[in-house]
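Input: structures, listed below.
Heads up, the next two complexes both have chain A, just with different partners, chain B and then chain C.
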Partner chain A sequence: MSSAQTRNLIVLAGIWAVLLLAPYWMAPLGGYTALATRVLVLGLAAMSLNFLLGFTGVLSFGHAAWFGLGAYGAGLTLKFLALSTPLALVAGILLGGICGGLLGLLIVRRRGVYFAMVTIAFGQVFYYIAFQWSSLTGGDDGLRGFSRQPLDFGLFKIDILSEPNNFYYFVLFCFALAVGIMGFVLRSPFGRTMIAIRENERRSRFLGIPVERHIWIAFTMSCFFMGFAGALYALVNNFADPRGLHYSQSGDFVMMAVMGGMRSFWGPLLGAAVFVVLQDYLSSITVNWMSFVGLLFVLVVLFFPRGLLGFLQRSRA
Partner chain B sequence: MTQLLLFNVTNGLIIGAFYVLMALGLSLILNLSSVINFAHGGFLVIGGYIAYTITPYLGFWGALLVAPPLTAIVGLVVERVLIRPLYGRDPLYSLLLTFGLAFMIEDGTRFIWGAQGKPVTIPPYLSESLSNDLFFITGYRLFMVAMVIVTVALLFVLLRYTRLGIRIRAGTLDLETVAALGINVQRLRSLNFAVGIFLAGLSGVLAAGQLGLEPTMGTGLLMPSFIAIIVGGIGSLPGTLAGGLLIGVASGLTAVFFPAASEAVIYVLMAVVLLIRPRGLFGEEGMMS
Partner chain C sequence: MSEAINVLEIQNVTKRFGNLVAVRDISLQVAKGEMCAIIGPNGAGKTTFFNLISGFFPPTSGTIKFDGHDITKLATHQRVIRGMARTFQITEIFPELTVFENVRTAAEVAAGYRLRPWVNRAEAAQIHQRVEATLKLVSLEAKADRLVGELSHGDQRASEIAMALALQPHLLLLDEPTAGMGDQETYQITQLIHRLHRDSNYTIVLIEHDMRVVFHLADRICVLDQGRMLAQGTPKEIAANETVQAAYLGNAA
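Let's look at the complex of A and B:
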């Protein structure tokens, strides 16, 4: 085993150890388990976006739509269809993924800024639907009146509603599942092709790769993951609201990915952690937190365009 | 019924005229510099608040004259300091930066001028209705539409006949060749950005006279302007013009028959256009990819 591989293994073990022990080290540092759960869910969303943004090089600025649809899918299922957490998650994944996949067919030929613009505009379509269709979604007030259900394994039940640690480990399990699939896809020949498209689209085309189809598949997979994150988010809050679909939420996700480091697999999780903790802190000390978040965007773009991990790797090299 | 219809179509046209001013500025910047200016609505708000601040001293006409150039100067500074370092980098970065800037402008105006809406006083002879039957056509609304028409005409003259305009159009098609011909591309981009922001500032003043001012008003006008550009065809200024008017009238008409959908209809329109004609109404083939 080469030294690089060994180092990667150690880093990986370190990341999982930190995540597994989060409920135990968060509290002494002044955090709380629910904050860790939120970081995990938003981190999964940022990683899902980065699956497309960082590894295929396609800039979607409307990904909050799939996140929000996932949340509504889970919430509506729990409220109207069945009192089952796994079923709610599946419904959220399907709603976000299928809507995203269908829309992807319309926009997959666009590139660069134009892709970004069309995804923003279409994302807003879903925002307006959630906002206007009050009889189903609760409109501006959001969807209330549902809560996550205990996990029923037949022989025993796990209470994830009132036990924050149980819920954290449930979310961590889901996170691991999604991230595992993502990592597996990125290591597969398909994942290598995605990176080839990112690096040089024209050359990939000359090599006979059906670029549009690959981008569509990557986009759709990313939407499914996004729906998963959204469904988990609905379970975190026992609430879903239209702002989760708004383009400013998309901007936050892109920011998390960029701030952590778009070119690295784990970067967006780090970005999400910094972003969530910072926002939590800023909104508790000042009413002008929007200015500071805006300033953060400006500073990261101007001075840390490679993100925290990119910055660290570079200064080590 | 006829009157209701007429009322809403007129409303739609006037709102469409706003969208056109906003969208033309956005479109200019997008076409030449590949920057999606998320802060465009913010500049509109700045223009409006500058007008609000100087109206007591110079009156409405003075504000109308002074506020847009001042906004353009703010735009120039922003372009020089924040956006210029990002040319040539992935468009993602300018998008994120202007996105953050929009936050800062919205919060900043709230901090300086307060969250409450502010009225901008317009001369009394402009606020009267022209006739009893058509009560909704006030002098101010006619004046606004006239202003938009004059501005758009001037813009097209600028782009068609002046050296700057010809360079902007050439740069939109092939910036590298324009640079190779010895034209200072940085300056071209700055001037073009300033023209775009001037239009945002002007729409800010006009909007302030009609709707009053709020720190959040720019955000609401931004998305329809995006859609005007997409519907009209990215890369085409006449397309942006048509797109803005079209979505204005469409949402006005929908307000008559199905009020709840008056905002959603522009998105439906966009989806239909993209399905039938992916490049937009006036877009060139290949411009969007």
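Let's look at the complex of A and C:
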């Protein structure tokens, strides 16, 4: 028991060391810091989705909606309301989380395929709103004309716009905050009821857990985290894209989670890293990069049903 | 509040599914500390009756009182919180969690911690203690760290009963606790239920097919047939009842 705990601590320290030093080891390997930043942000999105998928057992296929709303919330705030990066993030988190939570009320009674279908449908509603409402969102061209602002601490400012390393560490800080809260929740009695629902919904109900209410809370939390990731994504690109709300984007997040391993906490981050790096590398060679990512996905699902990280954990044990 | 309070009071409960009347006008009282067995041939409505008691679905008509309160319209989880625990004919557990984790989930919900973002040391220790005591009661303490999904059928059953016990229920509903068990396992589960009833004074309603178990354990036996209450009484009365003999026991013996 204690040796397993020690090993977990070592693995955890390793993960954070890799993340903290990413700007230094990525360049020699042919990467660049902005790529690492994208991995973190999309990794956070995949982990947010997996908070629901892997730990409550509920598959949402429309989570890009909350991601996209987070991006628009941050972008619109920077463009029209206030030149403040923290405020933009808060606006994105709230927009994604509150919209997700309200719609969640309507859908938590659905299960399985029906739940997935309804989330796709609602997600597409937001996609079309962003697509059509050109005067506010820029329509098909996306929302432009804003950029992330330096962090103003009164005594000093940190430039996160032109200094990629500063921005990476800012995103890493946000990532750590969100992931820390997720990990904390999953270790709590509430988190254990989520896992109970994943394992056996009927048994959970007959232990006195109001299952729908708990799924709604998990769904809503997941939407808030998703909004956070989306808001960060708008800051990464200084741009918000309606395709960020599209269900194909939701599909990408599901792919990252499943590829990395949805039963493990860190799996989706690994999935996002593989996805983003492959996309970056392959898209410079061929426009059909997605077919290669798709092939890899199929291979992983066929041969490592627990995902890449699940496979690594198995083979080490 | 007249004389002894009945834990369970069911009055004229009927359940229809379309044209089918699965449970027809059944009334039943279960006193505190009593062990009541429900028997009857397949399709007699036993499990439907259990589902009505535990709130799986509402009755078409009739009322159900639990600890003196009308619970006819309450949802399942609300009945559980009021002290009603249930096991299933096909074991319902959390297969990928350990025995300890299975029972801890029950204990934490029963302690009212289900929405808590954290528990303090004292609370965690108390939960830990309760889980261990419960595991001891069902003789699973040596297997606490095993995954429930990897245990034998009998031990999975015992785990499910442990989860029910960790809820500290006033009423225990056991749906065919010995289903699919060999003689040895049946004996062990029977001994366990016997202990729960005799030593810990649990109020228990159970559905059971194994007549040896029923006549050994029950204070009272209710015989269902085609959704109706055919007879109820002590094991002796039921054994002597001619209607029951004809309808059920006759061809089983």
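Following the convention adopted for this analysis, the second predicted complex is superposed on the first by the 315 of 317 C-alpha atoms of A that agree within 3 Å, B and C clash if a C-alpha of one lies under 4 Å from a C-alpha of the other, contacts with A are read in each partner's own complex, and residues count from 1 in each chain.
Methods note: contacts are C-beta pairs under 8 Å (C-beta built on N, C-alpha and C of every residue); 3 or more make two chains touch, one makes a residue touch a chain.
Just so we're clear, the structure is a prediction, and the values are computed from it rather than from any experiment.
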{"item": "First (chain B), second (chain C), both or neither touched by A:189", "value": "second"}
{"item": "First (chain B), second (chain C), both or neither touched by A:34", "value": "neither"}
{"item": "Touching partner for A:90 - first (chain B), second (chain C), both, neither", "value": "neither"}
{"item": "Partner chain(s) touched by A:288 [first = chain B, second = chain C, both, neither]", "value": "first"}
{"item": "Chain B versus chain C as contact partner of A:161, first or second or both or neither", "value": "neither"}
{"item": "Chain B versus chain C as contact partner of A:200, first or second or both or neither", "value": "second"}
{"item": "Partner contacting more residues of chain A (chain B vs chain C)", "value": "B"}
{"item": "Partner chain(s) touched by A:278 [first = chain B, second = chain C, both, neither]", "value": "neither"}
{"item": "Touched partner set for A:301, first chain B, second chain C, both or neither", "value": "first"}
{"item": "Shared contact residues on chain A - chain B and chain C", "value": "none"}
{"item": "Residues of chain A touching chain C in the complex", "value": "1, 184-185, 188-190, 192-193, 195-196, 199-200, 202-211, 214, 217"}
{"item": "Chain B-facing residues of chain A, complex", "value": "53, 59, 61, 106-107, 109-114, 116-118, 120-122, 124-125, 128-129, 132, 247-248, 251, 254-255, 258, 288, 290-291, 293-298, 300-302, 305"}
{"item": "Residue ranges of chain C touching chain A (in the complex, touch as defined)", "value": "54, 75-77, 80-81, 85-86, 88, 92-97, 101, 104-106, 108-110, 113-119, 145, 160, 163, 167"}
{"item": "Chain A-touching residues of chain B, taken from the complex the two chains share", "value": "30, 34-36, 82, 85-86, 89-97, 99-104, 106-108, 111, 223, 226-227, 229-230, 234, 260-261, 263-264, 267-268, 270-271, 274-275, 278, 288-289"}
